[in-house]
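Heads up, the next two complexes both have chain A, just with different partners, chain B and then chain C.
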Partner chain A sequence: MSLPSMRLGSGWIIGMTLLAGCSAEQRTLVAAQPTSPPTGPDDPRIAAIKGNFYQISQGGRYFTWYGCTSCHGEPKTGWPPRLPFVTYYARIGHKGYDRKIAAEQRWQISAYLNSLTVTDAAKRHRQAVDQKGEPTAGQWQGPL
Partner chain B sequence: MSQRHEQLQATWSDPPGIWGFLTTVNPRRIAARYVLTAIALLILSGLLALDMRVQLSQPQMHRMTAQLYNESFALHGSTMLFLVSVPVMEAMAMWLVPLMLGQRTMAFPRLNAFSYWLYLGGVMMLWVPHTLGVTPDLGWFEYPPLSGPSYSPGHRADIWAQMITFTEVAALAVSVNVAVTILKMRPPGMTLAKMPAFLWAMLVSAVMTIIALPAVMLVTSMLIADRLVSTHFFSPAGGGDVLLFQHLFWFFGHPEVYIIFLPGVGFVSAIVETFSRRRLFGHVPVVLSMLAIAILAFGLWVHHMFAVGLPKVGNALYTAASMAIALPAGIQIFCFIATIALGKPSYRTPLLWIIAFILTFVIGGLSGIMTASAPLDLQLTDTYFVVAHLHYVLIGGAMFPLFGAFTYWYPKATGRLMSDGWGIVSCALIVGGFNIAFFPMHILGLMGMPRRIYTYGPEMGWGDLNLVATGGTVIASVGASIFVANALISYWRGKRSGADPWSGSTLEWATRSPPSNYAFADVPVVQSAAPMWDNPLGPFPVMRGLSSRCREALVTSLVDANPQCRQPSPGPSIWPLVAALVTSALFVGSIYTPWALVWGAVPLALVLTAWFWPTRPRRKEAQA
Partner chain C sequence: MRAFALITLLLAGCAGQQSAMHVAGDQAATLISLFRLMMWVCGIAYLLVILFLGWGLIRRRSAADTSEQPYHKLMAGWVGFILLGLILLVVASFLADRSLGQRQQVPLQVRVTGHQWWWRIEYQAGNGRWIETANELHLPAGVPVLLELRAADVIHSFWVPNLAGKMDMIPGKINRMTVTGRTNGWFRGQCAEFCGTQHANMALAVKVEQVGEFDRWLAGQARPVSPGEGVAAGRKVFESASCAVCHQVRGTEARGRVGPDLTHVASRRTIAAGTAPMTHGSLRGWIIQPQAIKPGTSMPPSDLSPQDAEAVASYLETLR
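So, the complex of A and B:
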């Protein structure tokens, strides 16, 4: 029965290639999230957050919820500009938003902005369209 | 005779060793692999279920996180529906149909091999990423927008969607094969009217598979397109429609329930007939009921969607259709009961499983009538009532007949009988444990406990019934372990069965156990739907004329089964495996880039060309 071992072998090869992308798939629902701003461009949390699909998509939802689109519009080609992660983090704090948005969510929005610079226009539009039903700050009619 | 046996054995044998393992086109060898893979997955899914039941046994348990629970039930449901229930029924058909037709092989032997390798690809598509922590977590039907690009980032939803493509291509391959084999390779005398109910069940479910499965392949491909190349099929704000997903999914999903259930009816017909020592009561109504179920099953998928807010006329129509399907199902149940009542039943283990099927499936059918009613369904939808109902019909309606079938045909496959005593013990524990586990879920559902929650508060008052349900699961697991141990030990220590231990009614009992490579030296000629009982004393009438030097099969006419021609049958080949590997690469690659479809098609075309390259000389050359 060397076939099962062959299958196992090919499973390992697929496995090792997937392993690289596997922390990207992780979903942190209860584990500790960052509560302080990045300490600098070398903060190890930056690589972990901006490489994780779940953190990026949560950032996208906060981008809609906090009403970023009401001034910036739907993300377009050329916006946001490609900037260092810490700069995104700092700029999200403009106009007093540093007091409104929790650190954990600023991390996630930064990761989202970082991802937009490498997302093609069709995909950005598709993601935005998917979130048309989400509540948006400034236009919210429901209970507060 | 013995010289002919050796010649046939040589003609139909596989090459020795690993090469034979990879190239075999013997339907029994491939079907055995299918069944064993499905049973391994059944055990893994059962362990997942046990894990989830322990988590729910008490309020506010935190041994599983919400994410792990989501992954567990998604993996349990997807594995059971796509990788166990449908494939195992097709595997049983692949194993039994040629034997019941008295044929040496099936219509397209290499297609079977291709199907298994692709099915194994689907298994690995779901379970290899799971071992790496990337598991689909949205249940066994992944509705958009939740599974769309915005809310399910990463590749979890893609893995689920592409696993379906794998298994459905595999299922279509077997179904086409089963349908053509039954329609064109029946032994002389077995007209459509004299075809055993088992073969009818397999034929009807194969045709249903061919009609239903393209819908789900289409819808999961549309989901992948939405996620990968940003199409707008399922984005309402972009001009799409999320309900389109549900319609297409359930246009497959509801017939699928009957694609799983009808083979179960086939097992029941065969077992009831043999153990009641009486021809099946109401052969014609049973077969007509199968056809009625097949037609109605395509007209009631909307009862899975009563809560999404469709027009009232639609809801009323689908309520009526859902209730109407209880009539043919009821006719079948009454025919089975009548067969047992009018016969001289011998209560061996297979028949006990069938009695368990009748009791359990009737309870599941009654809760089905309740959920079929749109107003009541609004209250019951997404509660544990639905969980109870679906397990009663799928486990009671398909798994219990399957366990009975496993016990019934085990001696045919291995040459040894399973222990009757331990068989009764395992049957009692599984059936008893199952009812203790799932009956309280009806009440929990009526109390309002929603499905797909990882824990609940003590103030809800659901703790006691959940503890009972978990206890039932443990009892059933003990029974399942005894069943597996019985099967394993009997393989080496079981009593030798001989060709026909049960005095069965259909043709598979006419050949030795386990069947030789060629199964039948000559095609039997039959007179009724229970051919083994027609002439119990004399030798079986056979039709001679098939070669023993080269692989040949008999082709007969569609309705009357008149012999038409001798069809050359292909031998072992590596190309089905290579084709499956290339197809797998295309499917896996298309999760990451749409170009995989383009560049993956090139090697696929080359491999298929090699597979279909003619090996026989053209007619003119042969004549020259």
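So, the complex of A and C:
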């Protein structure tokens, strides 16, 4: 093998390795998402959902859809307070929501609330804009 | 072989429902005549090329013949044909585009909003009011209708090939197009821009009907509900469980605007944007576990008991 073609070959391998790194996030589409509450702070599903951007952004959507903003306003720095995941999960059950939000969505909203405490407004900007165009419980002004 | 014959037969059964070749509206008619013109011009050019090629293969050039003269005229004719053909196509497509883009005064305006993965449809009812429905677009025959195309989340594309060409629905932007239905009947539209996992199950049922019939339908959609007998239990579950957070049933306590308006849900032919037929069974299945029917849909599963789900399905069935 000549030198240039070897270079080309190793470049190709590096490129493919980098691309393989991009396909890390798994998404389950059947009804195999968590359907029971977290069993405790060490539930392995907690770490998995906290690091999954799709689940977090779905959580943000449902936060808007279920009308959480009508009392808590747009997510801002300082709200929600930093709480353990299981506490978020439990607190979402307030105001009768325990009968209204299915387990899977409670997981997702908890992951979203958790993400609010570890990212700043600049980083969330894109998702905040997306959510502004979505319906809020009984309100729908049309997309932005 | 038999499977092939069967598939061909089945496909023939679909013919016309969603096809740009079966014209049912003015805009599609403009497009199909442009298409025919292009077929003719390009078909003739193709035929000529093949003829010349065949002639060149068959003909033997005699050794004595060295002049290129006889072909000059032929070449000039060929260049002229291409030039004229292209000019014809450019002018024709310019004219077709201009006529499609023309904004005339229209008597009826409809907002169509793309959501992942369904269509919100609102008819203008005068005095600033809008009549909301979903996944089913009715059009009065012979009347130009202005569609305001919008998107709530990602890019979708509005496409009812029997009536008109595609137009994208882009978040933050309103695209407008006029459609005029001519042939009465049901047609199928489909989101034509990949918009997520259930993009394929984002169909739109379109009905072109006589003006009188359309007016009756619209008046029916504008009415708040009149639930039938013996469904009070289902209605109570619907309003106290999660459903009312996301769905509206005008005239009741359910006021959610997140999902499709269910005021006249049972008057539609299908549920969840063409995913399942409107039957008691699919309604009940959908209520208990929508993810089993349309995996990935943003409607969450409910933890209703089978009896409650049955009652809610019976209630929804009376919403005609």
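Here is the rule we go by: the second predicted complex is superposed on the first by the 112 of 144 C-alpha atoms of A that agree within 3 Å, B and C clash if a C-alpha of one lies under 4 Å from a C-alpha of the other, contacts with A are read in each partner's own complex, and residues count from 1 in each chain.
In this text, contacts are C-beta pairs under 8 Å (C-beta built on N, C-alpha and C of every residue); 3 or more make two chains touch, one makes a residue touch a chain.
Only a predicted model underlies this, so the values are computations on that prediction, with no experimental measurement involved.
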item: Chain B versus chain C as contact partner of A:S57, first or second or both or neither; value: first
item: First (chain B), second (chain C), both or neither touched by A:W65; value: second
item: Which superposed partner A:I101 touches (first chain B, second chain C, both, neither); value: second
item: Which superposed partner A:R126 touches (first chain B, second chain C, both, neither); value: first
item: Touching partner for A:W140 - first (chain B), second (chain C), both, neither; value: second
item: Which superposed partner A:E74 touches (first chain B, second chain C, both, neither); value: neither
item: Shared chain A surface residues [contacts with chain B and with chain C]; value: 29-30, 61, 130, 133
item: Of all residues in chain C, those that touch chain A in their complex; value: 111, 113, 150-153, 171-172, 197, 240-242, 245-246, 248, 255-258, 289, 291-292, 295-296, 298, 300-303
item: Residues of chain A defined as touching chain B within the complex; value: 1-3, 7, 11, 14-15, 18-19, 21-22, 24-27, 29-30, 53-54, 56-57, 60-61, 120, 122-123, 125-127, 129-133
item: List of chain B residues in touch with chain A within their complex; value: 18, 21-22, 65-67, 120, 124, 128-129, 131-134, 137, 145, 148-151, 153-156, 226, 229-232, 235-238, 588
item: Complex contact set, residues of chain A against chain C; value: 29-31, 35, 58, 61-62, 65-67, 99-105, 130, 133-140, 142-144
